[in-house]
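Consider the two complexes below, in which chain A is the common component and chain B and chain C are the respective partners.
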Partner chain A sequence: MKKYLLTAAVFFAAVCMGFSETAPDFTEILEKIDFQSTFEKYDFSSKMTMISEDSEEGVEKLAVYQFRRDREDKFVMIIEQPEVQKGQGYLRYEDNLWFYDPESRKFSHSSMKENFSGTDAKNSDFQKSSLAEDYAVETWKEDKLGSYSVYVLELEALHNEVTYPKKKIWVTREDSLLLKTEDYSLTGRLMRTSLFPKYAKLGDSMIPVSMIFVDELVEGRKTQISLKDLSISPLADSIFTKAYIEKVNK
Partner chain B sequence: MKRILLIGAVLIIAFSTVYAEDSEIITDEDALFSGEESLDEEEDLFQEEILVDMTEEAQTEVYEDALLTTEAAVIGGKIGISTDTVFDASDLADNQTFFELSSDFYLDARPEEDFRVFFKGAVSYPFTSDENRTFSDVFTVKELFSDFQIGDTVFFRAGKQTVSWGVGYFFSPADVINLSRIDPEDPEEERTGPVSLKTHIPFSVHNGYLYLIIEEFEEYKMPALAPRAEFLAGMMEIGLGGYYLYDNPPRGMITFTLPWKDFNFFAEGMFSYGSSKTFVQESDDLLNYPLGFSSVEYGDTAFFSGTAGFLYSYIDDDSKFNVSLAGQYYYNGEGYDDPSFITDNQEALGFLLAGEELDVTDFIEPAKHYGAASFSWSGILDSDFSFNTFWMGSFSDFSGFITPAFSYAVNNYLSFSIGLTQNYGIEGTEFSPEGAATALTLSTKLGSGKF
Partner chain C sequence: MKEWIKIALRNTVRQKKRSIMLGGAIAFGFFIITLLNAFTSGLAVSVEENFSGILGGHIFISGEEVSDRGSKEFNEEIAEIVRRSRMSGDLIFGPKSTMTMISGIDYSEETDFFSNLEFTEGSPIDAMKHGSVILPVKTAEKLNVQIGESLLYNTTTVTGQKNVGEFVLRGLFKGQESFGMSSGYAAIEDVNELIGLPKEGFTNYNMYLFDIELMDRTADALYAAVAGKAPVSPRENEGEDQRPGERGTMGGMFQNLSLPKAEEPWEDTKYTLVTLNEMMSQVTTMISTLKTVSFSVFLILLLIIMVGILNTFRMVLIERTNEIGTMRSIGVQKQGIMSIFLWEAGIIGFIGALTGFILAVIGILILGNISLTGVPALTFFLREGKLFFSLVPFEVIGTMVLVAALSVLSALLPARAAAKLKPVDALRAEY
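Let's look at the complex of A and B:
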């Protein structure tokens, strides 16, 4: 009898502890992710290498220079490799994105939702993060990802201007680093999995220097992005202009 | 024997190196987030600490000039090799084959951050000139210019250069600067520009340009002046420009571009006071113009031409529907309401041409209303087959043509296509001077690409 009472007491205590666990402030977590991945105080530049694997197309490599000024909602990206795309450039200002074609020497608008230069990365992956503005947390749980304790959050879009209407994200409990995301369509179909296994701390910001995007719809298709030559030194205003993109093209 | 073994060893090492560089992207989450040193080749990814503080070095390093200088001049280009056989669909024995071998090549030298020299030339087969083929048909300088600047505010480009002026896709009436017109069947093809000095002053996301254009060097002449300003208002970019050359009709232009979801809308208008074109009119002066037509110039009449259109592209997440669509209407204010008189009175117009009162360029785009559209579906259902079609027509005489074509790409360097060209319209119209006709085209592209 004593044994049953003891078991019941332990069970009751466990249940009480479970109920008393308070949910973290997820809005704060999303805001922290956005804050950490944004360079409000500094300009940011780096050289990105994108390796895309496709079971049919094989391996393709892109080298891209990126320049960001998040406080003014601007970025510039210049493709250096492969030769067929050399000199192509993107200039973003707020919701405007211009694509420069060095063959016709013309700028044209393109959507932020488009895939970046044939990879699994989206143009929107290179703008500053706005999870707190764009999504609401629907469910959460604690879990482990590898050896890291994480929160797993299911997000739903608050408006239709986002690339994916539903997301599932894995965030470290200790310092709110985004380690993994799953992107879903409106019908709940898994479209893409993204992994962020390595970060660099630059001032107050933390930026993934290794990103892996897995296309869940086309088997064997994935893209790995690595960043090097990271800099938060001030950039000239002239970089974020059409003149600079025309100057550096082939 | 030793030599063979040595070569074999070198080949194995070389192959192993190449193979090792074909890195496999690791997506195993336990390995990626183990927090331990990885035994894998991609060990850079899996350091003990997922977060590395790089603030100090990132504050001192500057890479913004990395793209502005090169240790040596860069050489590149593209080669095109293709054959096209065109059959008359009503008589397949009546056919013609065209062979194209051509190459563009460029040299890009950047000795200083603020000085760059660029040259682009083109050569095409056959590599000889004769009475039917001038030297410029064999070899052409497409661009030759240098870039320099004053500080970080005023940017110059001096020399022969392609000019980005209008915003139209198939037609661009505002573009009176480039020497070649847009080819509606190949609207993204590079165009030939004039010798000019371009001054570009960006202010925030807005831009100001001034072109000084040299028309010819045979005698001193004031260069043509072409200022242009681009303003961004929300999502709409508005361009205002002008063109002035002494003794020529002054022109003004306005352009609009507006992206909306997967669409890009564009429009442009061109105003001119007078026309550089010579027109044809019926004449009662049968003594001087016995065939009843004379030429006339309108130096003090205002003309307006305008165009509007859209581009649309869509690709689904499965890459099965990678489609693009473009459409454009063009009002040609310098065209004729009824251009059929051109084909109806060829003898009379030949008389004016022979007397140099008219030039053949006066008959380019003779109608007032045109339309063009294209549709392409690349990699149909994620296959190696593609479909594209192009339509162009005149709403003035209701003639035109449509060219649907299927293509199959073996790889990036070998592709085959089969297409139809169907002309429509009554005999004597602009696009069907001999009446409706059907042609079948078989094309092969081999070994074409950029280098």
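Let's look at the complex of A and C:
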């Protein structure tokens, strides 16, 4: 009888110990991810090189200038290369995303949920992150991603404004850096994998300077993005206007 | 009068060769115009039937959650109501993908849906199975996919979230890519599941009318009724702003069926109302251009024929000068001479037109029985795989009257000249 009681006590203690390992504050982690990838105090600009690979269409290279003013939810992206797309631009302000076509000299509405200029990156990938607002953590586990100790969090959308209803993210335990995400459809099918292998620190923020987006639906399609000429110097207000995008093309 | 007609008939028969040549020219002109008119009218009917069959109605109301409201007041005009769900996205097969629209069909409601499609592979029975999709041949070729293989469909729900579904290709049909109508079809339940609508939901509320002529009038009334109860896009959408997802994705006539264009912010579901006439505007413009061209050709032909009649009757006048002199001498009045000439021209014109009509009917019977199912580009212009000709009685009678009248008009000058001849001079004349 004593033996049974002892076994039960050990089992109970083990279970209690398991529960006593407190789960991390995931809201805090998501908020930290958002905070680190956002430039609330500064403007941000960079030059991006996007290389898209497609087994059918080959390799395409885009050079894009990026200007962000996260505190006002604004950004401007202007394509410099290839020549055929030169001057095409995106402007986000007041919940609108405008696309400018220099051929027709017209602006048309676009969506943050659309892919950026035929690449595997979404327009929303270039705005400030809002994981804490958009998603709730459903499950979590600790794991290793390469040499990094990470939390693997499964997220579920809190509303239907987001592009992907489900996400899985790999975030470093030490400094809450997002290393990898998997985006899932409503039916739970993996649609896209994003990798963020390299970060740069600018002010209080950490910005991924290398990003890889892999289309998991179309075989052999992926986009690699690298950032250079990073700056947090103040940008002129006039940059975040339609007139600027038009002027750049003249 | 009877006498003049008798003499005119005798004269027509007397100079058989000339009458046949003249009548033959008129018959040829009439044959061409009748055939072309019947072809263009038939074309309009075939295209209209094919369009309404494929699109499922004459008037289309689209939105995400259309209810029955707005239709109840129009029971007299509406013959049938069809509910469909439509989604746009990328069909993916291995490394290949293509932008395609898929329409969800309620096969139990649209029992004759497949009669509008020309299957090249697969069968309607398989196509109705859960998780099946049927595609235009060209789309399948682009993806290099075969019957029985699985495809992915990357789309967005009605609220804008990404979703992916899997379909098995169960049928291929000849599509209408030339009109931007490369839509695939699947069961409405499967489409609703992917776009996040309830099983019994639909995005398009299409109506077949008893009388297609009432389409625009009924559409106007419906538009007013729906507008009174819910936000509706303006009928004419102009302007530079476009709805996300529309830009450069859905060309052709399906563009009118896509989501409403954003020109001002709105809450909840916004509806669009489009009629078959609006959707077919490209085709109707093409048909009316064809009609105008054929009528212009006919007018040129008619002008040539009129000059021919004029010259012929001038010759007749010279040949019959002595005869006219004799007739005038025995008491025939000027009016009588003129009537004989005019009746002769009228008879030739009428018989020529009648012959042309008979030839056109024979031509229609022959051409209308040639199967053109092997020509995919013509699919939309055919009825049961053949060209359809529609003879409009009003048009035929009108053209016949026009030809006869112009023939008479052409003979008017020589007839007047014949009537003016003095009997003495006419008897004395030597040619």
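Keep this in mind: the second predicted complex is superposed on the first by the 231 of 250 C-alpha atoms of A that agree within 3 Å, B and C clash if a C-alpha of one lies under 4 Å from a C-alpha of the other, contacts with A are read in each partner's own complex, and residues count from 1 in each chain.
In this section, a contact is a pair of C-beta atoms (placed from the backbone, for glycine too) under 8 Å apart; a residue touches a chain by one contact, two chains touch by 3 or more.
Keep in mind it's a predicted model, so treat the numbers as computed, not measured.
S.K.: Which partner does A:185 reach: the first (chain B), the second (chain C), both, or neither?
M.R.: It touches chain B and chain C both.
S.K.: Considering only touches as defined above, state whether A:163 meets chain B (first), chain C (second), both or neither.
M.R.: A:163 contacts chain C only, not chain B.
S.K.: Return first, second, both or neither, reflecting whether A:67 touches chain B, chain C, both chains, or no partner chain.
M.R.: Only chain B is touched by A:67; chain C is not.
S.K.: Using the touch definition from the top, say if A:55 reaches chain B (first), chain C (second), both or neither.
M.R.: second
S.K.: May I ask you to decide whether A:83 touches chain B, chain C, both, or neither, giving the answer as first, second, both or neither?
M.R.: first
S.K.: Of chain B and chain C, which one touches more of chain A's residues?
M.R.: Of chain B and chain C, the partner in contact with more residues of chain A is B.
S.K.: For A:45, select first, second, both or neither according to whether it touches chain B, chain C, the two together, or no partner.
M.R.: Touch partner of A:45: chain B, not chain C.
S.K.: Could you say whether A:219 touches chain B, chain C, both of them, or neither, answering first, second, both or neither?
M.R.: Touch partner of A:219: chain C, not chain B.
S.K.: Using the touch definition from the top, say if A:232 reaches chain B (first), chain C (second), both or neither.
M.R.: After superposing on A, A:232 lies in contact with chain B but is clear of chain C.
S.K.: Let me check the overlay on chain A: which residues of chain A are in contact with chain B and also with chain C?
M.R.: 97, 106-111, 114, 185, 191, 217-218
S.K.: Would you mind writing out the residues of chain A in touch with chain B in their complex?
M.R.: Listed in rising order, the residues are 45-47, 51, 53, 59, 65, 67, 78, 80, 83-84, 86, 93, 95-97, 101, 103-111, 114-115, 145-148, 172, 175, 177, 179-180, 185, 191, 193, 195, 197-203, 206, 209-210, 212, 214, 217-218, 222-224, 226, 229-233, 235-243, 246-248, 250.
S.K.: Which stretch or stretches of chain A touch chain C in the complex?
M.R.: Residues 54-56, 97, 99, 106-111, 113-114, 157, 160-165, 183, 185-187, 189, 191, 217-221 of chain A touch chain C in their complex.
S.K.: Please give the residue numbers of chain C that touch chain A in the complex, ascending.
M.R.: Per the touch definition, chain C meets chain A at residues 90, 92, 94-97, 152, 154, 156-157, 159-165, 194, 196, 240-245, 247, 262.
S.K.: For the complex, which residues does chain B have touching chain A?
M.R.: Within the complex, chain B contacts chain A at residues 22-27, 29-36, 44-47, 50-55, 57-64, 66-68, 74, 76, 106, 108, 116, 118, 147, 149, 152-153, 155, 157, 161-164, 188-191, 200, 202, 205, 207, 232, 235, 237, 257-259, 261-262, 264, 311, 313, 315, 317-319, 382, 449-451.
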